Every structure is written in C-alpha cells, then in structure tokens.
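Each chain carries a letter (A, B, C and D) given by its place in the written order, and its residues are counted from 1.
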Amino acid sequence: MARLSVNIGSLQLKNPVMTASGTFGYGPEFADFMDLSTLGGIIVKGTTLHAREGNDYPRMAETPSGMLNAVGLQNKGVNYFAEKIYPGIKDCGTEVIVNVSGATVSDYVGVAERLLDLDRIHAIEVNISCPNVKQGGMAFGTTAKGAASVTAALRKAWDRTLIVKLSPNVTDITEIARAVEDEGADSVSLINTLMGMAVDVEHRRPCLSTVTGGLSGPAVRPVAVRMVWQVAKAVKIPVIGLGGITCGRDALEFLMAGATAVEVGTANFLDPAVSAKIVDEINDYCSRNKIADIREIIGII
Amino acid sequence: MARLSVNIGSLQLKNPVMTASGTFGYGPEFADFMDLSTLGGIIVKGTTLHAREGNDYPRMAETPSGMLNAVGLQNKGVNYFAEKIYPGIKDCGTEVIVNVSGATVSDYVGVAERLLDLDRIHAIEVNISCPNVKQGGMAFGTTAKGAASVTAALRKAWDRTLIVKLSPNVTDITEIARAVEDEGADSVSLINTLMGMAVDVEHRRPCLSTVTGGLSGPAVRPVAVRMVWQVAKAVKIPVIGLGGITCGRDALEFLMAGATAVEVGTANFLDPAVSAKIVDEINDYCSRNKIADIREIIGII
Amino acid sequence: MKNNSSNPAKVVCDMTVEANTPLGQLYGLLALRADGPLPAISAGQFAQVRIDRSKTTFLRRPISICTADAASGRIELLVRRAGAGTDALLACEPGEKVNLMLPLGRGFSRPAKRDAKALLIGGGVGVAPMLALGLELKAEGYAPEFLLGARTAADLLLLDRFEAIGPVHLTTDDGSAGTRGVVTAHARLQRPVDNIYCCGPKPMMVAVAKAASRIGASCEVSLENMMACGVGACLCCVEKTTKGNVCVCTEGPVFNINQLTWQD
Amino acid sequence: MKNNSSNPAKVVCDMTVEANTPLGQLYGLLALRADGPLPAISAGQFAQVRIDRSKTTFLRRPISICTADAASGRIELLVRRAGAGTDALLACEPGEKVNLMLPLGRGFSRPAKRDAKALLIGGGVGVAPMLALGLELKAEGYAPEFLLGARTAADLLLLDRFEAIGPVHLTTDDGSAGTRGVVTAHARLQRPVDNIYCCGPKPMMVAVAKAASRIGASCEVSLENMMACGVGACLCCVEKTTKGNVCVCTEGPVFNINQLTWQD
C-alpha cells in the first residue's frame, strides 16, 4: 500500500483523486454506487452568490469520445448550499471543496465570505473559466489581468486553500497560471472545458440552445495533459490536472506530467463508481512498480 | 444531382471536399482505393524551400477518437516537388493545392515563387500553424502580427489563390483571421491541430519524441466547428473547415457553420476511400432535402 | 458516506442477455437477468445502459423499464432503433453481458380512487412504461385501460401483453389497425376518465395533456429529455417546470402536467 | 487518376472470418476470406485491419500476413494480444466481417543463389511472416531452414506448419523447448548461412543483424514501427536509414540491415 496522500496548500488529501465540479453533484447522488470516503476530495457544483436557473434545454450533445455541455451554472446559491446541503455532506469522510463562480469580482468574494462560516470547507476552487455564462466566467480566465483581479480579491477574503481553475481557451495558459500564482493562489486546476459546438444537420440548427458549449471527456485529454505539463514547469504552486480521466492509467498521465492531484469529471457519467476504482488502480500501479510514495512519480516527465 | 461547385478566390472546386495536407500524401498513394478525380481538391503535404528530415520516431500516438502526430514537415523540398512529383499528379483530374511551410518569411516566399512555374497549381495553403517545428510554423500563427507578416509577403509574391491555414491554439482565432484577411488572403482554412501530449505510463516517458504534438481526428471536431462558425461570422473571405470530418454528416456540420469547403484529414487513415464517399453523402443529403445548390446551406447557422 | 443499507435504491451491474427478440425492423425486446435480486423497481423508472459494442456511442442510453421482476433480478427493455447505440444494443446475443444503472428516476403515482377510470396512453416505443404500469395497477386492484397509438399496425408493440391486462383501444396514422388518426381523436376520450398516464413522442404528450385538462382528468407524462448522468449530477436533462429547471432524471421522468409549462 | 487496371495492387475490403483459432492464452490464428480473389501478396507484406468491436481503438492495426492464397481470396493472420484492439480482433466470431487494407508494404527479397543456405529466424509472433516466406521459398525451389525463438514452449507457434516446410531449430528463454537461451546463441549460426530473414522483437532483430554481419550473411529484417495510414501518407512510422527517414509502411516493413542505422 503506497503512500498516496498529497497536499494542496494547507489542504491535505488522503489521495490525489477528486471528483470534478458539475460532474458529481454534491456526492450523495453517487453514494449508492461507491464509498465517497475513499476519495481524496469532492468538488461540488459551481456555486454562485444568488440562485441561477442556467441555460435553456438542450444543454448537452454527445461528441466523439466526449460531450458538449452548456448548463450555465444552474444552482440554488451559496446560502442554500450552506443551509440545506452542507449539513448533509460535511461528514461524508472526505474533503468537500466548493467551486465558486460569479459574474463580478464582488460576486466571487460574496460567495467566499459566506463559505467562511463553514468549518469543514477547507478549500475553494475558483471558476474563472466557465464558457457557458455571458458575463464573467471565462471572461476572467482568458486574460492574465482578469484572472489576477479575481485571485487578488479572493486571496484577501479567503484565508484557506485557494485553487483557481483555468481555461484552456487561451494562447498561453502558463501566462495566466503565473498571474494567479503571483496574486497568491495556492494551486491552479486545469483544464476547464474547451469551447466547442455541434450541429444537428437534419434540422439545420445548433445542438445546444446556446450554440456553443464546453467540450469534456477523453477527447480533450491530450490537450489537458499538455497544458498541465506546461503549467507545472511554469509555476511553483501545485497543479491539479483534469480533462478526460477515465481510469488509473489516465490519472497517472497527469501525475507524471506534473499534477499533484487530479479530478475525475465526465467519466462519472459513464461509470458512477469510476472515481473509487481510479484510487485502486493508482494503488495497483504503485505496488506493481515498487512505488512507496506517489510523490516519487509526480512530475517525473 | 445538386450543384456542388464552390469558389475559393479565383479557385473553382467541382465540389467542396478536399483532402487535408499531410493526410493524403500527393494523391497517388490512394489511387488504388478511389477515383481522385471525384474530389474537389487535393492539398499535398507541407512543402518547404529545402528538404527536411522531420522529427525523430516515435512521431505518433493514438488517443481517444484521435491521434497525436509530430512529423515535423518531413519533405524533399519544393524543387523536388516541382521536378519529380508535380508532373505525375498535375493531370489527376482535380485541383492540386500545395501546403507551404517555412521557418522564415523569406522561406515561404521562396517556395511560392518556385511554385509560380507550375501552371496547374492554382492555389497554395500557407501553414502558419504547424505545432511540430521549432522555428516558424505556429510562431507565425499565434499572433495577428506574425500571421499578417507572412500573409503580406506572400500576397506580393503569389497572385493566385492564397489560403492561410490557422492555428486553433489561440485565445481569439477571429483576430488572426481578420489580420490575414486585411493583408489580402483569399481564404482561411481551419483548424490545424490542437497542441497535445500523451504519456506512456508504463515506461514513464512521453509517447512522442518531441513530447508534444498535434491532435487531430473526430475528438477535435466540436472545437473546429465552433471556430469555423466564429471566423465565418468575422470575415468576408470564404472559410475552409477541417477537423475530424469522417462522413458527409460531419462535413455538413462545417458547411452549415459557415465553411465554403472542407478538408478531410485523419479519416483518410481509417478509410482510404472516405473522401470520395463524403462527396456522395453530401449529394445524397441534398437530394433527400431538395437542395439544388450546396450554397443554399452554407452558413445557414 | 457509504450507503450502508444492504440494498441500496440504485445499483450499477452487469446483466446477462436472456433473450433479444426482434419486433419488426425497428424494435426489439431485450430480456436481461442480474446475478441476484434487484432493488425495488416501479413503473416509469428507467435504466442507463452502457453500449460497449458501438464505437461511436460515448454516453449511456436511458431506456424505460418495460417489465421488472426485482426479486428474480429480471427486467425487459423495449428498444427502438434510433442510432448506432440502440442498433448495437439490439445486436447483443443471448449470454452477452450488458452494464446497467438502475432503477433511476421517479415512476408514476397511483389514482386517488381505487375505482378510478385509469387510461394508459402509449405512442410507439412509449408503450414500454405503460406495460409496466398496467401490470402494477392491475396487481394492486385497479382496472387500467390502454389507448395505444402508432404509425402503422406494425408499430403497435406487445399487444397480446396489453390485452392480457385490460381493454385495449388502438389508433394508427394510416388506419392499418384500430381507429385511423391520433390517440387524442379516439372515442374513448369522449367517455369519463379520472387518471391519464402517457408516454410517447412529445407532440402526442402535449396533445394528450391538453385533452386531459379539457376533460378534467389528472394526467402524468413520462419525458425523454437527452441525458448524460441519469442521477441528477450533470443537470443536462432539465425540463422547465413551475419550480424552474429540474432534472428529468431525478424529479422525473414522470411529471404531472400541472408541474410543466407546456401551456405557455 | 483512377487506377484503371482491373486488379489494383492494393484493396480495401470486408473479409469474412472463416475461423478464429486460439493458440494458448496470448495468441490466435484468424482465417479470413474475401468475396473474390485478392491482389498478389508476397511474404513480408501486411494488412491494415479495422477494429470495429473496440470502443477505444481508433486507428487500424497493422498485422503481418501469415499465409495467403490470393486466387481464392484467403489469408491467415497470426495475432498476439497486445491491447484492446487485438483483444477485440481475437473476439471475432466465424461469419463476422472484418475490414482490411491489403497487401501493404514490400516483402522479402530472394537469395542470390538457388542453392543458398537460407535461415528464417522468427521470435514470438514474429514467426508469422517467416511461415509465409518459408512456403514461398520452398515453392520456388529453395531449401529454407527455420530458427524459432520464444519465451517458453507455449509461445512457439504453428510448429507443425514449419516442420512441414523444412528443418526447424528452436530456442526458448526457459529451455522448455529446444535450446535454452536466445536465437543468436543457437549452434545453427555457427554453421554456414548465406541469407538470414528475421522478424521478432527489436532487441532480437538487432542481435541477429549483428550476428549476420559477423558471419557475412545477407540479412533482411521486418520492422514493426507504429503506423497510422499504412500507405506512406502520414509519415508517422519512419525508420532512420542510410537514406534518411523513410516510411516503414511503404519502403518496408522489410529492410536489408545495410539500409538501417542500428550500428550507430
């Protein structure tokens, strides 16, 4: 049994496997299928200051080895989370990390301030890369200046672990990563979805109500691994890798490319127990290869 | 039988289906499997001023619904093409378009000037987006300034149809497209490959000798369709769409998103006759939907 | 936060194909058996089926459960060829394993009155949950009637099974069986009905909902929005309701028409 | 620019699985039949096989042709389980269709002298093209000998077929059959050899190439570089040669060791 625990800032994970925001609900949705406490962490769905209805249906399209989504941050707001959801998951046996979204810097700060009331929330993941909202979202994530402004404000408001989730829809993601590192982020997670589009040729219209949406799934994994490798070489803070991870082998690609931890996303839709299996498969790989501590292979490439 | 012919600048194509550079050799490689004259055009492999050996093996890795390549513009140079290859393909019954690459602006111009000697070459596609060469290549394609400089120089040197192939590895591809349009390009083709990476976790090393490479195949299609849709709305010149086209339906996605023509790439490796089948499938769609002229549905979205 | 109850409400498991019976060109009936008992399944719930044989099918396919015997771990799925995924599913051979998540979603409610006149309306492959519901209602002492519609006689599926449960009224677009026309034009809707349960193409369900409001019958419909996860995590299958956007996979697939905004 | 000859050099076609014979846990022999005659096929050429059954296999798989009867449209492929693609191929059932591009690449040359001592060296699944070559050489009046190596006796494949052609020398890493050790340590290499033909794992081929140079035998090896297109279009499968990077799929897969740069 290898040592799998890793640290992200002051956040300690029992293993490097977390579930990605928007793909695992709040956790209980999957409790019938697996033991949530086997995970390194659960990143709950994007939470905003006020409730959001999200975009119109259709919000999803299947693509080769992937899918497009345009949910648009549907959620009931941070107060609902704090009062109605947090009490039911705070004792689930793993770290619960909240994905924070907003249209303005003060929105982000407002969510973080409310989350300070919740002792068991040791970290937030800041979504500056949502391609499916008109205001904010990706707008902050595609320029170093925008990313820095959100990070700086949250760094003042949030003294626990601050993770910033980066957009892959940029020319040089290392520039954005360095900007958020300079403003005091404890970690960056990448990649959010690639902006994509699909057409229903029989009806001659876009498949999504929003025309474009976010591409996720194994299709994007090579882009994600490349960006993680680039960013891990460009910053000193730990990098969290995600994008198309479906098995232990996929997770190890990210770890070897420089990720300290990973997030499992779309694969949760294909196999609701996959995240727990990935922890086991990483363990098996370590035993098979005489690896005593997962950190031996992090960033080996 | 619908009217399928389209124009790209002064270039007339009998139908909108071409084969993408680097995926169809010079044409004869596929003549045993299909009738080359059924195509709208053949874009031959990247040609440089002098011969290039390309990158070391391994140059390829299979990925979910796609592949990474890092060929690095291996070719015997423009003189070899003009003397040894052109005579054998100039009468193949379809347009032969040369993909032009270089490390410096003068390299590009040198190739174009040599191609002026070849009457049957009515168009060139300028590759400012190759992710697999150290100098030049993508460097020109990721900034409006770089793209404009290559385009301006070639516009002076080349009076026939000038197509500029754009890189998807940018924050705003419409900015690059407008820059090359302003410098007189007759058309833009997109997308070139997405920069990606894969790891051989058993051997703990990158799958490619160059670490990173270009991702192509159905996996990238949603990104390509999105960018074609964005660019078609941003420029007046015709857009040529490519990225993961495997069948008539896929090609129609691009046409409806605004592409005047398409290029079939990686799919040629899966079915050597696929490009000819795509022409038939587009015809079938038109008959089924009472479309007399393909231009009725170009950019319908 | 393991669900410690020895029988969770939902499971993901490999099931063995016991039979795969073609029903004409377009449909097939898949009989599946789990290694052990399944959780309680109620009419209107669905399964998320993994399609291993199709290269181009990435997501699971939600398929309404047609009949279920949870104790013996058996279910039947009525499948309509709608693309590569369903084609691959209908190509499965007896003995082959298929991976399913089930049971998912909320099923149909029960009539308020024991002697209620319950009319189960199914269109095309939408008859699947109506068979499950008919069997349950009859077992519980209700007297369900069926109104089944299809394009042609060939598209009227499993008729013998329905006739074994209760009166069956038929309509076809071409008149090749039953009354020619749509279900809402059928005479049965002129006679009293207390509860309508409906599953079929959306235009048909919208028409049935209108008819139900007109005649003052309670009406539940089963929606088929595109889904990814099937458990309320991805928020892709939402339907606009009086409570805003809700997940069809967890709040539905069955909705009372009063919850929906089809009128607007 | 249609290839107008009624029989093109290469074709892409569906072939029917006539038999799929497991050879131990790791290997299988696939017998395939085309609807009509196939183009001329020579030993060392390969086929690009499309894998329809595997979700995760995107590209075709290049597989050396083990035996061929072009006139009757029959070929045999010796397949080693190396991943999801080959697993799916070995799961094919008789009657199933498999799509292939063939024949691809250049095969083995012939000994200069009619009475040449030709030694065909195969390792593991690399014995496949050696069977094809042995059959051709014998039919042409040569007297081929075989030197086959494998991990264990269980990995020595199709021995009876080889013994029907000529003398067979064996080595295994564990000594469970023939001489214990690698092929290059076998006594047969101490005796005169004019032409060596070899296919197997790269380290083995490199060792054989060295031995060939030492004893002054002409030597051809068959390379297995990863490929995408198989027809010289993608330039992915290149091998560094005395003429620079060349495509293994068109210039090879068979190379004379003088063309290679293994010495450097």
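Here is the rule we go by: contacts are C-beta pairs under 8 Å (C-beta built on N, C-alpha and C of every residue); 3 or more make two chains touch, one makes a residue touch a chain.
None of these values were measured; they are calculated from a predicted model.
Between the Cα centres of chain B and chain D there is a gap of 35 Å. Note: centroid distance chain C to chain D, computed from Cα atoms, is 54 Å.
One simple way to say how far apart two chains are is to compare their mean CA positions; for chain A and chain D this gives 47 Å.
Along chain A, residues 61, 63-66, 217 each make contact with two or more other chains. In chain D, no residue touches at least two other chains. With chains as nodes and touching pairs as edges, the resulting graph is a single ring in which every chain has exactly two contacts.
Pairwise chain contacts in this structure: A-B, A-C, B-D, C-D. Those residues of chain C that touch chain A in the complex are listed here as 1-3, 8-12, 50, 56-60, 101, 225-240, 244-245, 250. Here chain C touches chain D in the complex through residues 52-55, going by the rule given at the top.
Interface residues of chain A, counted against chain C in their complex, comprise 22-25, 27-37, 45, 53-54, 56-67, 69, 71, 74, 89, 91-93, 217, 266, 268-273. By the touch criterion given at the top, residues 61, 63-66, 68, 142, 169-171, 194-199, 201, 204-206, 211-212, 215, 217-223, 225-226, 229, 244, 249, 252-253, 256-257, 285, 297, 300-301 of chain B touch chain A in their complex.
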